[in-house]
Amino acid sequence: MLKQYFDRFSWVDFFLRVFQLAAVVVIIVGIFNSIGAAKYTSGQWVTLVFAGLAQGSIYALIALGYTLVYGILLMINFAHGDVYMAGAFTAVFLANSMAASGFLATHPVWAVLLLILLAASVSMVLNVVVERVAYRPLRGAPRLVPLITAIGASFTIEYTFRGLYGAEFQSYPIIPALDGQYWNVAGFAIPYTQIVVLVAAILLMAALFFFIERTKIGKAMRAVSEDKEVARLMGIDVDKTIMITFAIGGALAGAAGVFNGIFRPQGVFFFMGFIPGIKAFTAAVLGGIGNIPGAMVGGLFLGVFEAIGPNLILEGLGIPAVNQLRDAFAFTILVLILIFRPQGIFGERLSETKA
Amino acid sequence: MSKRLFVVFSVLMVVGMLLTACGPKAAAFECTDAVGCLDLAPDEPVHLAYMLTISGATAFLGEDSKGAIEIAMDDRGGQILGHDIVLTGEDSGCNAEGGQTAATKVASDPTIVGVIGTNCSSAATAAIDTISDAGLVMISSSNTAPALTIEGETWKPGYYRVCHTDLFQGAVAAEFAYNELGARTTATIHDGSPYADQLQAVYAKRFVELGGEVTFAGAINVGDTDMRTVLTTVAADGPDVLYFPIFEPEGDFIVAQSSEIAGLENTTLMGADGLLADSFPENAGPNSVGMYLSGPYVVGDAYEAFLAKWDAKFGGVPPSGFHAFAYDGTNIILDAVEAVAVVDEDGTLHIGRQAMRDYMSNLSGYTGLTGALDCTDKDFGEIGTSHGDCATGGALGIFELGQAELDGNWPPPAVYTPGQ
Amino acid sequence: MFNTLQEKFPLIQKFALLGGIVAIYLTAVGVVITFSLRNLIGTFVSLGHVFLVLGAVGAGVLIAQQFKDEDDASTYVAGFLTGAMSSVSLILFNIVVQLFVVQASEEGVFHLREMFVNFSPDSLAFLTFGQGFLFGNVLLFFLFGLMGLLGVSFIRLPEKIRRGWINGLIWVFSVGLFSENVSQVIRELFKYSGTSFNKILFTQKALNPVAAIVLFALTFAFGYMGIKTATSQKWAAMPVEKQKTGRIVITVMAVIFVAALPWLVGLFLSQALFIIGMYVMMGLGLNIVVGYAGLLDLGYVAFFAFGAYTMGILTTTGVLGRSDLNFWTALPFAMLVGVLWGVLLGFPVLRMRGDYLAIVTLGFGEIIRILALSNWLAPLGGGAQGVLHIPQPEFFGLSMNSPQAMYYLVVLGAVLAAFVTIRLRDSRLGRQWMAMREDEDVAEAMGINLVQTKLLAFSIGAAFSALAGSIFAARLGNIFPHSFNILISINALALIIVGGLGSIPGVVVGAIILIGLPEMLREFAEYRLLMYGILLIIMMIVKPDGFMPEARRRQEIKDEKDFLTEQAAKSEG
């Protein structure tokens, strides 16, 4: 019996190992060929890496919302990408009127703070409303049911905002203070916008980490995520804690929406949240879902990998038009990493009830 | 429930039959049409249908065509041969399954005379069988896939189009780049839509024929936001021209992010009709100054008058470049109705469906907003024989975007037309 | 009466606020103004009106439920008050539009209309019924009050009248809403008189007023007499043997009905039925993976794509053709490819659980779509240009080029899928799946081979998806990569959960609701997905276990509830 058990498992693991090995070899061959071809300058690589970091910090902020909610409710808040859209889409109108009135040019810092405030509050309120309407009535329902209401909420939010603000593509104004400014370091020019986004996102994440680890509410959140029943017995208001979790997740997503507008002003419309939402969820899983530093690292990692991966690896393999394969590449990396570590980079091996 | 439903229906049916029995008897008219006739009593309207993309990211195309159809109807006072014209529509989306479903809905309504649509070629490819089998005529304002009118490819009787195919537009763009801009190397980017893929392929082919070189044929995905990677690949070869016949917002990203990439300083950007929308320069930002767009080019007093009517009816300017084709297409169908309808004394119309097709297939020397149209069969050499392809390629141009467009001027001035 | 009202005034306020939020939401997203052009009855009741008063009617219903124990007079007054008060949000909306849109200055920096596209003079005119600002708002106030009364009437009218009243209103509304489909069916049923009959019933898409009144009267009478309850009582009173024969008769009639359906409903609804059938097939396959084996698969569309592409490449007469197989001979290959890929994609995820599995399968779906689209694999699958010229299947020399003919094909496929599902469910394998669904570790400890069981679930599920895909390809005649997007996976998953996870009739019900209804409401265009989203939320909240929960699961839920009540009783005692 034990022998049978052993045999059966060894061949699955064996094939997975072979698969891993093959993937690693392919990746190394790709990198080797690309570097060998010396098609791109080091300046171009640095440009891509920093663009990837800025993009990754936006993924990370959205991923935090997924991970916080998952940590507490063990559910995928499928509508989270659309919550991000709501903040970004609402703030674009304020941004444009501030640009038209000249306020953005004269007081850039205040203007951006106001935008973040607006976007974060819209996303926060929306996320709390979604929780109240679509998830709270379903506490204790089978686990797939909130997933379906989350999908429903996603459609509802998208098309509500389409109805409210129209279907046209909007653009954030270019902030004059950051326009065309580069930070020159070691001979590489990095746009200010990317630096600003990266630094602001890291500050927010640090603040969140502090909040969760040090404050009373943060402790309550951790307690609820460990065990709701015991937390209730300890006198923690579980519903309120869950609400606060959604509020924080929403606010981070809204802020990410404004950062996105600074870093990449175009293409603000009702469907803009869908793909970043899926990517951010991927990032959260990559880092180990439910794990806060994991979401941050996963986001940055995914952003950079997406930015350099196609040119670095796929092009070296002789694949034409590699950039259209970027999303496929990102998901392949996800699959590979999860084969190596089924619990994500930082995740713990979860028991049946948690996975 | 079904029982009650049955009772309700049978009661209503009896009432209905009684009422019809009392109605006036139709005058004797013998239909000799090969496909069949549509008979319209004096109080019945002439029913047109559209199949356009009304929802989703390409909805601006549908809006553009639909507005033009309504203006064409208004221009006749909403009437033809003493009958009202009514318009109903289906959302065909920009995909095959939407096109087919919309087609079955249109085909199941026997009162429809003709169809204006679709916007996207993939929708038309799936719709064409159903529409043709139903005996209808269908005329498109923006299907640019060449195969749709080529015999032995996807063409079916009853299908017509007013707009130029990709064969025209891609070639004009390549000729402009090679001859006018003096470009010798080029790169292309498509977004995975059949339209953009085909257009860049035609462009690249023509560019190579002229003696140029294609350094990179790239692609992105709809929904991508970070174009820096693909632009870096383009920049590695530093081509003279980058042709990206894609849509918003991906086109916005390419233009806006192009200035961040080292190596693209001497590359001229060129888009196509997918970006020929008044919102584009504003969204793409200052980098759009100095770039070119290929697309439908319509001028003349009649067109100015059309734009004035659009402004009065909907406000502003049409959201895309295909409205003039939709206007001409609607008029061709209505002209066909006028030409082939047999009118009884009491005003009853009899419209032969094959007669409609014959009229449209033999239409030549027609002057519409988009210039001369000729729907007769044409021989395209190795590509095949085309049917119902009305465009003569005259209504095409290359536009240059400048500071004025960034400040809100629309449409931009044309710098090149193939006739020149 | 005054006292009761005063006492319950907070409730009135609450529901009025709720109704007001619904009303202003529907107005601001543009549902009201867009559908104000879509007439339901004559030219005076439009769908926009229905959406406009929805909030007020709902508030009336809610308040009436709270006034169950009060007298009629105070209930009706409360209903009127609630309805009328819920109009306040719209009156505010009117004032805002009047001040900031109609009278807005041209030079200002911020134009409200640029942000909120539906804060338009058109909306204002519709909301004030074109009666001018002041009088219009007063009118709105009283109309909403009346609608509050209408809401109350749904609860408070005497039983028989109430039944007839609701029945009549629902019928008139539904026939008006589905007028296109109804007139299509009538045209098919009564070939020659159908058209003229339709002319009596409808003017364009709206019910004619007289027809509406006749219809209302008839359905009111049916509801009043309570034919439905009478029939079911009669049925219950019948002896058991008679019920048995009755059941057989009903089954036979149902089979005949399903077989005759496409010829009763015309071309378009047949196409809708075809699409529903396709999703039933996919839903049954996915049900095995998610419902029985408990593996959350968000990338089910991948196998659909494999089926479609295999069929396309094997049968196409275009340049991509690889063989000259026809539909029937290519079908086994398509399913085989589905099975193979089920195993291949199932293999790397063997060790993953729950939501990790979900995101990886979602990734697979996207990877397959992007690869199909790529220039890289274009020589194989056509890339962006797709596969064209896929011939329709032939059946004894007859080309099945109509939705009606293809409908039979999907019904056959769905019956096959249902048969296989039932047989598997009751087999050893089915029990292994369910054991695995409940607890993987325990199942493994019990000696279940998880690898084999999981891979079988993936591959059998994939086979049906591939079957649906190949039929889809043959029906469409052309396939493009963008047809295989994530929405298909989401639809398939949503429909099995809405129907009731693991339940076979549930799949059919789910498909009709989530696929059929949106097809019939195509004219909703851009609001279709909004309605779909709201519908998903409401349905799941009202019926978390789905419309037709699986018998075994229903038992589990019941057991759990019994257990809980027992426990509660114990702890009290």
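Of note:
The letters A, B and C name the chains in turn, as written, and every chain counts its residues from 1.
Criterion: a residue touches a chain if its C-beta (ideal position, glycine included) is under 8 Å from a C-beta of that chain, and two chains touch if they have at least 3 such contacts.
Here the structure is a predicted model, which is why all the values come from computation and not from measurement.
In terms of inter-chain touching, the protein chains here all touch one another pairwise.
Remark: among chain pairs B-C and A-B, B-C carries the greater number of C-beta contacts.
For this pair, subunit B with subunit C, the centres built from the Cα atoms lie 32 Å apart. Remark: subunit A and subunit B have CA centroids separated by 39 Å (rounded to whole angstrom). Residues of subunit A in contact with at least two other chains: 167, 320-321, 324, 327. Along subunit C, residues 370, 373-375, 526, 529 each make contact with two or more other chains. Each of the following residues of subunit B touches two or more other chains: 59, 192, 217, 219, 221.
Per the touch definition, subunit B reaches subunit A in the complex via residues 57, 59-60, 192, 217-221, 223-226, 228-230, 232-233, 235-236, 248-250, 252-253, 256-257, 260-263, 279, 282-286. Residues of subunit C that touch subunit B in their complex: 184, 186-187, 189-190, 193, 195-197, 200-201, 204, 211, 214-215, 218-219, 222, 227-228, 231, 266-272, 275, 370, 373-375, 383-386, 388-389, 401, 403, 472, 475-483, 519, 522, 525-526, 528-529.
By the touch criterion given at the top, residues 25, 28-31, 109-110, 114-118, 290, 296, 347-356, 358-360, 362-364, 366-367, 370-371, 373-376, 439-441, 449, 451, 490, 493-494, 497-498, 501, 526-527, 529-530, 532-537, 540-541, 544-545 of subunit C touch subunit A in their complex. Of all residues in subunit A, those touching subunit C in their complex are 8, 12, 15-16, 19, 70, 76, 93, 97, 100-101, 133-134, 137-138, 141-142, 144-145, 147-149, 151-160, 162-167, 278, 281-282, 285, 289, 319-321, 324-325, 327-328, 331-332, 334-335, 338-339, 342-344, 350, 352, 354-355. Residues 1, 3-4, 7-9, 11-13, 15-17, 19-20, 23, 54-55, 59, 86, 90-91, 95-97, 100-102, 104-105, 107-111, 122, 125-126, 129-130, 133, 147, 153-154, 190, 192-194, 196-198, 217, 219, 221-222 of subunit B are the ones touching subunit C in the complex.
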